[in-house]
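Shared chain: chain A. Partners: chain B in the first complex, chain C in the second.
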Partner chain A sequence: MDPIQTMPVSPYARLVRAVLRTWALVVLAFLYLPIAFLVLFSFEESRTPGLPITGLTLHWYEKMISNGILLGAVWNSILVAVAATTLATIIGTMAAFPLVRGGIRFPNVARILFTLPIMLPGALIGVALLLFFRRVLDAELSFWTVIAGHLVFTTPYIVLIVGARLQGFDRMLEWAAADLGASPARVLRHIVLPLIAPAIMAGALISVTLSIDEFVITFFTVGPQLTLPIYIYTQIKFGVTPEVNAVATVLLVGTMAVLGLSWLMAGQARRISGLIGSRGGAGR
Partner chain B sequence: MPPNSAGGAIVVPPATGLAVRAKVGLVRAWPFLPAGLMLALLFLVPMAVMVVFSLWRTTPDFDIVPDWTLDNYAYFFNTPTYVRTLLKTLIMAAAVTAAGIAAAFPFAYFLVRYVSPRWQRAVLLAVIVPFWTSYLLRAYAWQAILGPKGALNQLLTGIGVTDEPSRLFIYDNPGVWLVLVYVYFPFAALAIYASLEKFDFTQLNAAQDLGARPDQALLHILLPQVRPGLITACIFVFIPILGEFLTPALVGGTEGLLIANLIVNFFRGLQYTTMAAFCFIIAALVTVLLVIFRRYLQVEDVVART
Partner chain C sequence: MTGIGAGRLAIELIEATKRYGETIALDGVSLGIEPGEFFCLLGPSGCGKTTTLNLIGGFIPLTAGELRIEGRRVNDLPPHRRNVNTVFQNYALFPHMTVAQNVAFGLRMARLDGRETERRVAEYLDLVGLSALRARSPAQLSGGQQQRVALARALARRPAVLLLDEPLGALDLKLRKQMQVELSRIQRQVGTTFVFVTHDQEEALSMATRIAVMSDGRVVQSGTPREIYYRPVDRFVADFIGESNFLEGHLAADGGARRVRFRDGGAVIVPSELPVGLARAGAVTLMVRPECVSVGTTAPEGQWATLTGRVINVAFLGNHTRVTVQTAAGAVVTLRPHSEGSRSAALDGLLDQEVCVWWSPQESTVVASDTGGGADGSLA
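Our next item is the complex of A and B:
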């Protein structure tokens, strides 16, 4: 860090810093406290979780893994997430190229189009899809309608994440490869894709976790099937069982692990592109 | 990222024959088609359908008939409860946004100014991770703290403030407010962090060298430069709350309901045209906000920071 930046600028600098540090710690505690209680309560013996803790048990985890309805819901969520993410990753990555490199007529319109599904409240997208499927197409709500709904919000994330990577991409590498006689297909296969692969993977992982956790759009577009969040919601709404805390703990810890992983991979990508001297400077 | 990257920096290749060939190979419009068609079919068309339906009528046996009418909108604006709920939603969104920014700004400032880059990455990860995890569960987790048997009530009865668990913290507006601040804090923190990170803090020293007080330096030098980040934070917190029904449904009780909870009620009651009109009112508000603030909005700063 630049020494000037750390130079005190006011006689109160020390005090300000201490106050800010305390605040930062309070904020971090605020972020993790509810999650910590949730995890704690998943081990609580009593049927009505709460303080004080009466005893610790793995009972709810045992009940969880022998609950057929729950496991079915988990399986459904995984199917939807894999299907939606696979499609979204393919079409999103493809779309990112013309969007960033100017292959389409109105890139700014397209950019707005791809940010809208992220910005608009999910309830609006869910309602619009519901009306479209049920009353225009006259289709039954099913897995396919849920996958379609998830496609709408996961694809923009892939486009933005891969697009951000492409923006910092050193085109010289492609031109050099072409200079040396590589066909466009080989440039794509051997130069471009390997370099943006970490961004594609990070986008796909985020898409999977978002899809598995998605509740609002699914709520409007799902038929008689249960996805995991829908199952958890009905459990919470109509008679709490401590099992939900166990499910929640597994899901939260699971997604955190996946996200930590994707973040590390994206960091790796930044370092690699830093090494080969990316000129765009999109990464940090 | 350069400041204007959200506006779409296009790398212009040098005009040599080979470079042009490579450009032609990888810069074409067709790869955009699948995603573009998907969004048109599954997003734009359904949105248009929603608008059209909001102008039609639902028959008593729940059919939608194409009688063009503004009745659905008149129904909304002539029912005081609905208008009040909309106003309350706007106030709630404003209150959550204010609290979110008030919490996030000092946090992000501390992070950028006083924490080493290595630790910044770690703390940032700690903020990002809850941001991507289950929204449903994060809202639900608060029941463990705010609920009748929750930690807060146990603490208060423990130190003798109350005799029996209070239901004050949950199933009412304050509980909804708190949980919404919690849920949307990471959006605000990320947006503000991204703009503070680009700020050159030596400018503050320069301002003070020239005689500015620290508060003046913050107000006149720092604030104008981080304004895009602040606006992005506002938008990212304010807009989703307009469509928020899950947190009120979980911790709001009957008092804490917001406008989108009405939509769910009409959805359950199969009153699809009324539902569409309510949705369009929210969508119109969102669109107006996005159009007004579009030039400041830096979506990638929040979303693509993986």
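Our next item is the complex of A and C:
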């Protein structure tokens, strides 16, 4: 038996455990209760949501679907997310190779520089980008500046996720492919990319979810266009309407779905690397 | 494809050297491997076997020297352009492909047409006996089966030379013996030159047509298993392969036949052919295999190398008995097989007796004592 289970424990152990468990529940409630109410209020009949609930309706969802400005904002958000993610995935994947496999002068410095934007405050990045676009490049704020802004914080995630996958990559597979007549380009295409594809996909999906609901950096870099988070923000200024609740609920469900998908992808990546790890010695 | 090329070597290493900074992994190795050979690189860990294979495969560049494959200098040729294929120690099967796709990979890279690819995949899976498992993924295979896939994958390209780096290292003993037989059969069947790395002397002796014994980045001796076993060029080789008696003495010309004279008395006749460079008298080591040594109360007549001594140990080992005799030249171990009925019981009675041990001079080998294991003792 595990010694930790038979170890004599303090007489207060039971009490301590009960308190900790309660505390954990309180924290979880604090994290998720507001979201639960948001979802609930999106189905509320009354124009001014609050407790108690007066009745349930899909009215706000219908209103949402027929709101042209809102749909335009959603469409803009999707465009930005797809464009930023596509670029970030290509740039991030390409950057991950030299970062993991060496061939650069200061690998640790480079790694920190590539991932630092994750840690920097959004407001700081936003202001910096605004100054840069307007005062240095003298460019109009537009769709393109938003996409460029989103690249700043999505690329690091791709670098991190793809880099982790490359770290555990069995270089012998590349040797084997070269040995079997594959040129470096074909090794990349037939061996390396298929094996890191789940990580690339997982990174891309996370990038989409981050981009879709990014507010701060978008706010600083956007021109006259509306994205979904900006739209919600402008609506809230006139008071919370149940329609915004409905939009937020849809956003929540969409984000969860994409995250779930990326989690599945990462799981598949882990399974494949598990196979690589167990190869050889496991046989019997 | 191979051409006539009579006398052309499949692999030729000329003064091949590989350095990793200060470490010398391979130190001026020269080797020639004939087409169709089953050539073993044998040596202790770290002696440079894998390095040699990786050089031939093209995975690491030579520091100095030259490498030829089928007569052509390939020093600067990348791996995917060399007419050799490798079976890696950990197999390196592609985890995202099925067994059949793994075998087909090299053929796809060679841009073989679909029908021919399919035909060859079937042919080589059949050769290794895995036709039934063609749709499985590598993760669903046992170690021995993965090994066979790796073999089929490498052979399917019909390379001039197949490189195998301790391919049986990860298998358990029984499977290993089975695969040794299997590998020999496959090699004879396809006729491809095999270069096989192992640190298991028994594996090398049983499979190879020729063996190169390596130590510290050098080839100490190369030859047929029999030559290596019965004519080791130095103490290192004799010690590494099998068991041997080492008797220290001095070489002395003694009338007609030359002898090794021992410090505490006694002398034995040595082989008529001695290694070059041993013509002058000096400190030498005489080596003789235990199974070549006979033991008895009286020595027979004739040209035998004979020593007298006292039996200090008799050990029954199942199919043979091991008798240790303390002589003037040191302890001499003999192995006697139990082929003649009651022989083993007779040996038991020898303990503490004064006996003679003798062997045919031609079955012993003499090397200079002061060579610490260098490569200077080639056989005359």
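Everything that follows uses one rule, which is that the second predicted complex is superposed on the first by the 247 of 284 C-alpha atoms of A that agree within 3 Å, B and C clash if a C-alpha of one lies under 4 Å from a C-alpha of the other, contacts with A are read in each partner's own complex, and residues count from 1 in each chain.
Just so we're on the same page, a contact is a pair of C-beta atoms (placed from the backbone, for glycine too) under 8 Å apart; a residue touches a chain by one contact, two chains touch by 3 or more.
All values derive from a computational prediction rather than experimental measurement.
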Contacts of A:P242 with chain B and chain C, given as first, second, both or neither: neither
Partner chain in contact with A:P194 - chain B first, chain C second, else both or neither: second
Dominant contact partner of chain A by residue count, chain C or chain B: B
Which superposed partner A:R135 touches (first chain B, second chain C, both, neither): first
Partner chain(s) touched by A:A178 [first = chain B, second = chain C, both, neither]: both
Contacts of A:N108 with chain B and chain C, given as first, second, both or neither: first
Common interface residues of chain A - those touching chain B in one complex and chain C in the other: 175, 177-179, 183, 280-282, 284
For the chain C and chain A complex, residues of the former touching the latter: 57-59, 78-80, 84-86, 88-96, 105-106, 109-110, 137-139, 141-147, 153-154, 157, 170-172
Residue ranges of chain B in contact with chain A within the complex: 1-2, 5, 7-11, 13, 18-19, 21-32, 34-36, 38-39, 42-47, 49-50, 53, 64, 103-104, 106-107, 109-111, 113-114, 116-117, 121, 123, 125-130, 132-138, 140-145, 147-151, 154, 182, 185-186, 189, 201-202, 204-205, 208, 214, 217, 235-236, 239-240, 242-246, 249-250, 260, 263-264, 267, 272, 275-276, 279, 282-283, 286, 290, 294, 299-300, 303-304, 306
In the complex with chain C, residue positions of chain A that touch it: 170, 172-173, 175-183, 186, 190-191, 194-195, 272, 275-276, 278-284
Residues of chain A touching chain B in the complex: 1-2, 4-5, 7, 9-10, 12, 17, 20-21, 23-24, 27-28, 30-35, 37-38, 40-41, 48-52, 90-92, 94-95, 97-105, 107-108, 110-125, 127-132, 135-136, 148-149, 151-152, 155-157, 159-161, 163-164, 167-169, 171, 174-175, 177-179, 183-185, 187-188, 192, 199, 202-203, 206, 209-210, 213, 215-216, 220, 229, 232-233, 236-237, 244-245, 248, 251-252, 255-256, 259-260, 262-263, 266-267, 280-282, 284
